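You will see chain A twice below: alongside chain B first, and alongside chain C after that.
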Partner chain A sequence: MTADIVKNTEQRAGGGASPSRRGSVHPIVPWIVAWACLLPLPFLLTNAYTQYVVNVICINVILAVGLNIVKGFAGQVTVGHMALAAIGAYSSAVLSTKLGLPFWGAMPAAMLVTGLAGAIVGVPSFRLEGAYLALATLGLAEAVRIIISGTDWLGASLGYAGIPPPYLAGIALDDYRSYYYLAMPLALLGLYFAFSILSSDIGRALKALREDPLAAAASGVNVRKYKVTAFVLSALYAGCAGSLQAHMAPGFIHPNSYTITEMITLLLMVVFGGIGHIWGGVIGAIAVTLIDDLTRDYLQYRMVMFGAVIVLTVMFMPSGIGGLIDDVLVRRRFKAIRRRRAGVASVVAADDV
Partner chain B sequence: MLLEIKNLTKRFGGLTAVSKVDLSVRQGEVRGIIGPNGSGKSTLFNLISGVYRPDPGASIAFDGKDITNLEAHEIARRGVARTFQLLRIFSGMSVIENLLIGHHGHIRYGAASAVVGSRRAWAEERRVRQEMMELLSFIGLADYADMPAGEMSGGQQRLLALGRAMAARPKLLLLDEPAAGLSPINVDVLLDTVLALKNRFGLTVIIIEHILKVVMETCEAVSVLDHGEKIAEGSPAQIRDDRLVIEAYLGKEMKDEEVRAFLRSA
Partner chain C sequence: MDYVIDLVIIGLSVGMVYALVALGISLIFSGLDIVHFAHGEIYMLGAFIGLMIFQKLALPYVPALLLAIVVTGLIGVLIERLFYRRLTRAGGGYTVAGMGMIISGFGMSIVLQNIAFLIWGAKPLPFPVPFGMPVEVGNLTLPMSYVWIVSAGLLIMVGLHLLLRRTMLGLAMRAVAHNKDIAYLSGINVPAMISLTFGVGCALGAAAGVLIGPINYVQVQMGLGVLIKAFAAAVVGGFGSLPGAVLGGLLVGVVESLGAGFISGTYKDVYAFILLVLVLMVKPSGILGVEARMKA
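Here is the complex of A and B:
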């Protein structure tokens, strides 16, 4: 009987081959195309403020993609991501002003520092899950903010000013338009890396953690190692984003940009966009940044609204926009396959427990 | 001996789930484990596979090396694969991804390769996907490679759980009630698949099973647990006639029709 099944399925085996990485085009090519298409954007935007918002979108995309890696893919509930961005921003600021490092040295160094901090934020995840992990990371995050607010050489609650702009080929990226040519490619690069990580063995291991850590361990996945990996990877994104925030004109950062409010806004991007969907996160980052900007006159109601949207999304659209897209594309496809095969499928396929 | 367990004990609070069990399994053997509900069968697997830590005094040697206090992933890496009674497949991942996780220990490219999407990572991914497609064909699920595992039927999920364990290319395969809930025809399909895999890959298999037909037909030897203790061991025929075994089953509420039928015939 098995022989029959084997024979049957071997004839059809070709049909199910992996969808990704077929063909000969390197996966970075689409990203280069995207980059080329996005190049003229600043010339379509008439005022500096809109350009500023676009840059913020790029930075938020990096933040959201990073948070998605740890929360969406590895399933670790953290609210410490903005604190990591703060660490990135302040490290980059200190390294460039106090040590005189150029942006291109300060940013990688700041990412390294943030990556290390990410590993520390990840340690509670060895023992804690869900809401408890969220509380632990919240505690760490608030500690970071309070320490910054109380440290004079970090500008305390006055903020840290005088952070120099990056230079690219001798040109200072000191206005919003030129800064776009730094932020946009970095956002695309971050996306490309995220996609390649997640289609790799590492990405699968992270998803397995989210799905069932025990079964993952029994399959040979070192759960603690991959938890830390997830936190460090996402921290690297946060560090990069923080550094970008610090060096953008006017070169000023403030601890109030890294409060729980900002964290909720970031969570909204990821939740609304779709936990575990990279593109969803991008859509979320764009949508929420725009809404955030349009409603800036109603600051006091905003958090109520964001909170409500998070709750509603979780209740009625738990996998967000990305989940809806997935439903349409993926599920349909398999429903069709199943219908088609219903008649010929193997005995076991027709069985149900 | 491929697996040599001595004095294995596990207490949960006041309850002794596994009590001073010795168990030796030869290379290439198919061993059955039977026993009433709650007799410690699954706990035994959890101890062997490192999901639980044994109480002090135990020793578990696998392939000549001590694995008593290793972590689950380390034990898996040494060649012990298992299925779970409640399957625990990764239902949000695709069928082939489930297998690829099973194969995780054999996938060789570094983090840097993965992040930048290097040619090396590509080539390796292509290779392992092909290998997993072959395995999927073998268990008859090749058509469903990209389907979310949670959307498959119960029977298919059982096959997938088996496939994920096999993807690890284990030396020892632990199957916790692999045929539970399957219709009689599919029990046969599953058993044939297990035996075919065993022969093809030279496996050693330990099967926990309530369906006695499975045990009688596939196992060379059977060990019986009751209240965490090993109360009998021998060939299926010997076990069938063992008075202790019959009492162990009679003393409990019996799990299914088959047990009762078996006891009537004994």
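Here is the complex of A and C:
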């Protein structure tokens, strides 16, 4: 399956640290700068609620970037991403309450569990494409949610409470301001890894897979291996985000946070931002989370609007915000070249006279 | 033994409803080459429209059913013309290769669901239809509502069969489903036939919604579960195959009912999903062995 939406953004999908920059400074340097710039944010937002929203934005960025890996890079249509986040959240919660693991043990373990689940979700993709894969992942996702809300030791439909906050150097990260210093670096780290994956050989293999699985296989790309890789990578992101959701104050998770509605909101972030465009996904995550929060009193109108935006984006702007940004950048570059040429031409003309 | 027979009867009547929704999905898939992810919401909308006609216009059940089928079919045609036409055309011919249609199907489903919420609210509404006393067949007592569902479902299926196999319109629809270019060349109005196919698919969904209404409550959230079960039915039978959809629907209904009766009622909704995933992984072409078309 070659997604024509994705095709449009084919070459433009965010290129990560450009090669020219790589020569002089290590590609992680801009990220450290970004981290330093984002450090004082919770002190500018004095309201605990806005601090909470910023944390949610960080978590959503991780989720959206993870979904972009499997959907945008590898072109596999999955609607089971929220179920993976649920698996991450619940395994992290169970590990830290039932087994007493600290956050720093529970989160990697939860990511491992989610990665395994991602591999299981990825197995149907060997034989299925497009809508069939969407069906299979939708079925798996709903099954996960129903099993969670029917299982008593997972809190059933009451939710799972009492998840301890993470401790960093002896300090409990139990309010939103301190939690930000956990969520924000993880989001940046996730972004950094996404860009490095995209510019690595894995990223190239995934893109080849997206454009044409047959051609990719003929060129020596191990299609099955890279499909599973894409699913596992995105599942790791989902597990990390789920674990962050679980341990954030007040340490409570509920199966209703992982329904198809949340999945569509996540889909909106990625689609609106531009499928296969990492920065677009980040913009989408920030914009959608903010709108989601500002319109929380008008839940139903908001969901109508979100749905309509998805439909209209797919209809009229299939490459999303990211595609628009790329268009503007490309056009500016062309204009600059044209201006330079025109300048040369006029000088030549003046010489002739 | 009676317990098993009871479960099978319940399963068959609920399966009839799944079969109708699955028929709509399969019809749309074969005609438009898209998998319609908002079909569960069409079913929900049909149930609400039927309920409104039944209560507000105080029509009897059967005219309400027929009217709801027509109204929902027209709404389906409208949705297809306004939103999906652009996407289905973009893929070359009327096929879509990509996730655009899937994503916009999800978007449409959330729009329809929340519009329904704004109109009718979140509370499950009863659909009180006086069906009369249960009938006795041998030593079995069958509630009239189940008899109604099965017989009305069978009638609708026979009607669809006659429409597709015995009329010129059906011939044109089948030609469009088979090959759009050649249908064009034969002088068939392809866009109109595509709208009609989509409308008939939506009408089948509405029929299912109105039929299940008297057994279950009518509520905004009823779409998603049925959507996945109908998908399971369509996939089990072989996607795009109409007899397969009916067979798959009945099978899913019976499996679900037996699973709820013998394993656990809590996970009643999961059995169909497991069946769906298993069939997709083991034999994507379904039990009737339709060639799995890797489209959309």
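Just so it is clear, the second predicted complex is superposed on the first by the 307 of 353 C-alpha atoms of A that agree within 3 Å, B and C clash if a C-alpha of one lies under 4 Å from a C-alpha of the other, contacts with A are read in each partner's own complex, and residues count from 1 in each chain.
Here is the rule we go by: a contact is a pair of C-beta atoms (placed from the backbone, for glycine too) under 8 Å apart; a residue touches a chain by one contact, two chains touch by 3 or more.
As the structure is a computational prediction, the values presented were derived from the model and not from experiment.
J.: Is A:T229 touching the first partner chain B, the second partner chain C, both, or neither of them?
T.: Once the two structures are laid over each other on A, A:T229 reaches chain B alone.
J.: Per the contact definition in the header, classify A:I197: touching chain B only (first), chain C only (second), both, or neither.
T.: First partner only, chain B.
J.: So, does A:W104 touch the first partner chain B, the second partner chain C, both, or neither?
T.: neither
J.: Touching A:A208 in the superposition: chain B (first), chain C (second), both, neither?
T.: first
J.: I'd like to know which partner A:Y167 touches here: chain B for first, chain C for second, both or neither.
T.: neither
J.: For A:V77 in the superposed arrangement: first (chain B), second (chain C), both or neither?
T.: second
J.: Once the structures are superposed on A, label A:Y298 by its partner contacts, choosing first (chain B), second (chain C), both or neither.
T.: Once the two structures are laid over each other on A, A:Y298 reaches no partner at all.
J.: Would you tell me the residues on chain A in contact with chain B in one complex that are also in contact with chain C in the other?
T.: 1-2, 5-6
J.: Could you please specify the touching residues of chain A with respect to chain C in the complex?
T.: For chain A paired with chain C, touching residues are 1-6, 71, 75, 77, 79, 123-124, 127-132, 134-136, 138-140, 142-143, 146-147, 150, 260-261, 263-264, 267-268, 271, 275, 300-301, 303-304, 306-311, 314-315, 318.
J.: Touching chain A in the complex: which residues of chain C?
T.: That would be residues 34-35, 37, 83, 86-87, 90-91, 97-104, 106-115, 117-118, 224-225, 228, 231-232, 235, 239, 266-267, 269-270, 273-274, 276-277, 280-281, 284, 292, 294-296 of chain C.
J.: Would you mind writing out the residues of chain B in touch with chain A in their complex?
T.: It comes out as residues 49-51, 71-73, 76-77, 81-82, 84, 88-93, 96-97, 100-102, 104-105, 107, 109, 111, 113-117, 121-122, 125-126, 129, 133-134, 136-148, 151, 153-156, 158-159, 164, 168, 180-183, 185-186, 188-190, 192-193, 196.
J.: Could you list, by residue number, the parts of chain A that touch chain B in their complex?
T.: 1-2, 5-6, 8-10, 12-13, 15-19, 21, 27-28, 192-193, 195-197, 199-205, 207-208, 210-212, 214-223, 229, 330-331, 334, 337, 341, 345-353
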